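Below are structures written as structure tokens.
The following pair of complexes shares a single chain, chain A, combined with chain B in the former and chain C in the latter.
After this line comes the complex of A and B, so read on.
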């Protein structure tokens, strides 16, 4: 055994986890500290140098605070519970069917759709003057002018909750799918049913208890995201008052610099609320586990829930239909010349808004592409390096604690963005890197890295190490073996993970706003700012551009490896 | 009464997997279906259990104790299965795995008694609250069979259950299976590619159609 040589490679590979940790721990820690200090009244640049609780007192007595809290809690907890219930029930009842296979195919485009584009399409569907009302008016409703409803921007945040739940369900479905791939589903189902258990019982007693540990962190990420999302809440959320995250964002950008302290206090409070919600979720999970553990083996074969199986198919079809509707309505509006109210379709089509919109969007699109491509490539190198390091460590018989690594990877997804971006902005200003390409790529990297890691890690870890052993034995060149054997064999999952990272970068709104210093307008920041009150036709063009960029990259990521290995049957799957 | 297969055959996309199988397995006996790997042995078991994958279709009759099984739902067939992997549920202990098999219609005391009795009878009495991951291969195989048997199936299918065990373990587990089947007096169907695995009952050879 040439163990000293191997150890040398491993210790050189150690640079990757160290770099990766630096890439996301430093910004987050810096950002949190830079937000906590002003939250306690310390921000010397504006002359505040006395530590005090005044910003928090001001926050709690602010007239908008109770309403903002209500909106945040309803949409955050509601969307998470709804998305979890929906994705689990769909998985339980539809798994293995034709509908399930259809759903799995639709997952990539659903995930590629940025939140802002989805929210805009959803708004175009359900607004009082939206497509749904138009389709049935005036025949069923009698409306010839849009009704005076509050179906979007309702004060309780119901439309925001539903839109977030619909957008997060595909993500949780994907996580269910990858968890299920690690269980022997066919034979588990066979054993359960041969013992006489109904399908739902098999899931609740055999599958979910094993699956949920894989689902826990994704669910918490959805929770943290839903509690603190800004762009979707600006498009669909309540406005007077908005959710806490939007309110905090406004305070941070208020011309009155004194509001920075209030914003920092709000951001910190949102962090506390998110942490409490996470603890609450884990507590509920613990409680449910302990209350049901005895009943799992009580031998009862059927459950009244068996009768609700249709609900899963209905949810799956509904999810697909609404998502397709969101996309379709964007396409229709982008090609509309004239569409007077209650006509079910435009009375006049025109491509002039595409001509006008594309001309304007091309600059932001280029910047979006540049930042996303750089962040994705750096992210992919770091992730592959980290995973390779982990694999080599395991080969040496050392066991890295993967659970701990996972929590670390999830860290940027569990901390509300707004709770640390202001601090990073302050630090960036001090270091004079605000508004540079490096800082933009750096901050996008923080959010891109975890997704690349999560998409790639399972496949990478399961790569059969014997291929490399054979390659090294034949060629005697470990480095060349890695590049010529392992990377090409993993080209497909790596390309897919990179496409996911790219889509995540494209969809970023807050990081671009806080570190771009107004110099970096991405397609997302432009789309969100237009969504406020511009012509629907131009908004639709922008939203479609925002969707098409990641969709194209997904397409390339799926097509290129398939084309490259078109004559290699074993590489097709 | 027994398990009868009458002219059972399976087709996949119009192609027949093997010549029609006709078999009658009396209670308490283990019939063996032999054949090279890939000839459709496991698919035959899936057809009897009612768990054929999408695209397969079955013709001929499957009759268990006078009940025709064709077309009935899998969970109503009362046909147990044992795979070469133990497939013990990792989130339950040994007792939990066995309890999962016992009918829920019995009262708590009765259930408990049956499980402890089964453990006692098979020399596993001290293992009730052991994590299944800590058992040896032979113990896992026995617990797995007990779980199947405690559900009181009317027939049991054995899908190469010995192939992952070491030589000495094989013989003792084979005796164990034979004992359990005799005790419940139900028909059992074993599929294997290895002559030595046969448990002494009827032997039926399954030939790949296309190869002949």
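After this line comes the complex of A and C, so read on.
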């Protein structure tokens, strides 16, 4: 293989970053433009054709605005800080222990659990009429009717914050895990200990400064997500007023069409707020680094934080227990016949809601599977193509010119969904593509792809190039070597990344609502729609279905490579 | 004597207008055209029993007329109105994504004003002639907006309160009594936050009961002195809220959530627009057997919910066939059965044949369902313009 031939392969691979970019930029740019114009008073359909600041003025003077902003900021910033602190502290104190291994094993089901299902389970758990109170009533509490507490839908969004933090912690833990694989933990630990550093000190002095750069982007994604989430906020968030994102969603859907301008202004403002929060976060990060950089070499071997090590184990156990509790309560409710308060368990059981629910959920499940599978497969091909292009450029000693592309790929994670979905909807209607399978897969791809990228890129970039060099040297066929050596060796992480992408697609609520035109009822839209209804038993069945689909795919993603390579000892780990 | 005369006038009118409607020939042409069409029916999908009923109706029209109906379950029909508007703005005058929708009130007014409805059509539907337009004025005026044959009446609704007779012996029979009840039982009363439909209805009911002259509410809000008319309402709510569930700091988001709270015993009184709702919930095991319903002494707000064909539907005939079937005595009687759904009929019993009437008489009313006499006087909805004004004022007062 001469060098011009190799260059040919590389230039052919260039199509992947370009394709990926098109898949992203077009919908997002269209969406943003289609939201910004109405935000400035331009939406000719409803007779608004004068550019003005009136929608913003109306937004800021809206009575619900201050409260909505308060809820958004508390839940957005609070959930991010809590999730980050939780995941870092768990990693610092539990890493390498039995509990850590248990946690890692539990990550897949935790990640597979869609936000809506988790929120429903969490609500069933902690509400004043929830399971926790039922378990201890009336014996310990004396309650024969549920107490008048504000444990869900509280006006400050505390329950929403906690639920979001719990749901995001496993994702950040996964990111910690993938970042740690980049670092030589064994030797770092060895050196640190030989120098007499305490465990926490090793982490704060030696590991975290290296690890954090890997975590920055996921943390910002969590921040943007928490500030703009709609489905979880509808289930657990404050009601009076709701968070800004829910309010914006409501305005977009108000029968009075002039509210769309207000909605667009709100969506745009949410984007500005998210950008500000991101800047604030990066600023804090810079500040902390500057304040602590001098102390990195101060030689102190211990830290008062050592005394808080128990907190890490407690958080890890708490996270596992609450998640398990959410799942368990969903299972119990789905099999309940009757369960009056304050009985600790249902007074009679019935499987009729499963019989009924499964029959009904099968259609939405099939649609969910179809869209998720298509989006995930397309996403995986694009991501692998992009990464391969980058790797080959590097091998040729050329600087990957696609670094900025990578940041663009993460754009959908940093821009609140509601800030551009309205615009995409308008554009899709103009192009007459709303409610088609293509537009559904396309919009899901926008959110699936970044997560596949995020989960896969580290492993892929660190793949030992010598394997492929040997393979090419032996066979002389780079393409065959790629498919027969590299892909199988990376099958496990690719399958895992695809499962993550699949779970992300399943959990999409707003994109499905805004582009599905009611033709695509996924298990998630059905579940959220039912969560507003009353019958907990049927809601539980749906939430479990919503969870089981990605859980199954995660199971396959873990089992299949293991089974496939059952005769390859080195691939078993 | 007067009845006979009005009947004669009606008949005469019917005969006179008949040729203009086109007669039954048109209908069979519509039925013919409807065969094979795929109708996307958009409606609230939050209730299991209603979804079951719609599935049954869809199976029936598939079998009888070859029309395929797909129930698109939405959380809020308002967002569908938005989508249709977006389609209109994109000049999509055919092939719209929505063929038929379940609406009333504000959404109907919005669709009518924005021109999202096709030419009047309900007069073409054979079963429309059975609708009790004489005694049920809300079938002609949807929240005081003239219907003008743009939507087909589907069911009747009246605000009814639900309580557990095992826990509450004498339910409050007026808003004043409700306040007294809340004073005695703090934390046990609530209502959904407006702009939720049921929440706004509760506020309107308070206003209707407390305002000095309810007649002004029938006219547009711009004709009235809003602050004077609504002063007793805010005064009442200011007193009620601190005594409510969660101290009035958090509200439920809809009536279904209220039902769950009632089932758990968190609140003592829930509300619904379906007089059969409670019986229904007893049958499905959602609420205890001891649950009963009541209305306020001066009467409660009632209205009608409708089916509207959308202007850019390419399956209008199929949608009309489905709407007509839903108005048929058979479908209406099934719908009125509390064991199925329990939604009161829009049909006039005296316009039905003996066999058709029997369908309705055979329905076993649930223990928690009030008789028409007990339901008492229906109060008409205030003019639709009040809805927005009240919601706005409510939000600026309490949503902070």
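A few comments on the model shown:
Going forward, the second predicted complex is superposed on the first by the 566 of 573 C-alpha atoms of A that agree within 3 Å, B and C clash if a C-alpha of one lies under 4 Å from a C-alpha of the other, contacts with A are read in each partner's own complex, and residues count from 1 in each chain.
In this section, a contact is a pair of C-beta atoms (placed from the backbone, for glycine too) under 8 Å apart; a residue touches a chain by one contact, two chains touch by 3 or more.
Model, not experiment: these values are computed from the prediction.
Once chain A is used to superpose the two complexes, chain B occupies space next to chain C without a clash. Across the overlaid complexes, the C-alpha centre of chain A sees chain B and chain C at an angle of 160°, to the nearest 10. In the superposition on chain A, A:390 makes contact with neither chain B nor chain C. Of the two partner chains placed around the shared chain by superposition, chain C is the only one that A:146 touches, whereas chain B remains out of contact.
Of the two partner chains placed by superposition, only chain C is touched by A:426; chain B is not. Taking chain A as the reference, the larger set of touched residues comes from C, when chain B and chain C are compared.
When the shared chain is aligned, no partner comes close enough to touch A:168: not chain B, not chain C.
The overlay of the two complexes leaves chain B and chain C separated by a minimum Cα distance of 48 Å. On chain A, the patch touched by chain B and the patch touched by chain C do not overlap at any residue.
By the touch criterion given at the top, residues 43-46, 63-64, 66-67, 128-129, 144-146, 148, 150, 153-155, 234, 238-241, 250, 252-257, 260, 337-338, 340-341, 356, 360, 425-426, 429-430, 432, 434-435, 513, 517-519, 521, 526, 528-530, 532-536, 538 of chain A touch chain C in their complex.
Residue ranges of chain B in contact with chain A, taken from their complex: 46, 49, 51, 74-81, 83, 85, 87, 89-92, 95-96, 99-106, 111, 147-148, 151, 153.
The touching residues of chain C, counted against chain A in their complex, run 40, 42, 45-48, 51, 72-76, 78-83, 85-90, 92, 95, 97-98, 106-107, 109-110, 114, 187, 193, 195, 245-247, 249-254, 256-257, 259-261, 263-266, 284-286, 288, 388, 395-400. If you check the complex, the residues on chain A that touch chain B are 184, 187-191, 193-198, 205-206, 209-210, 296-301.
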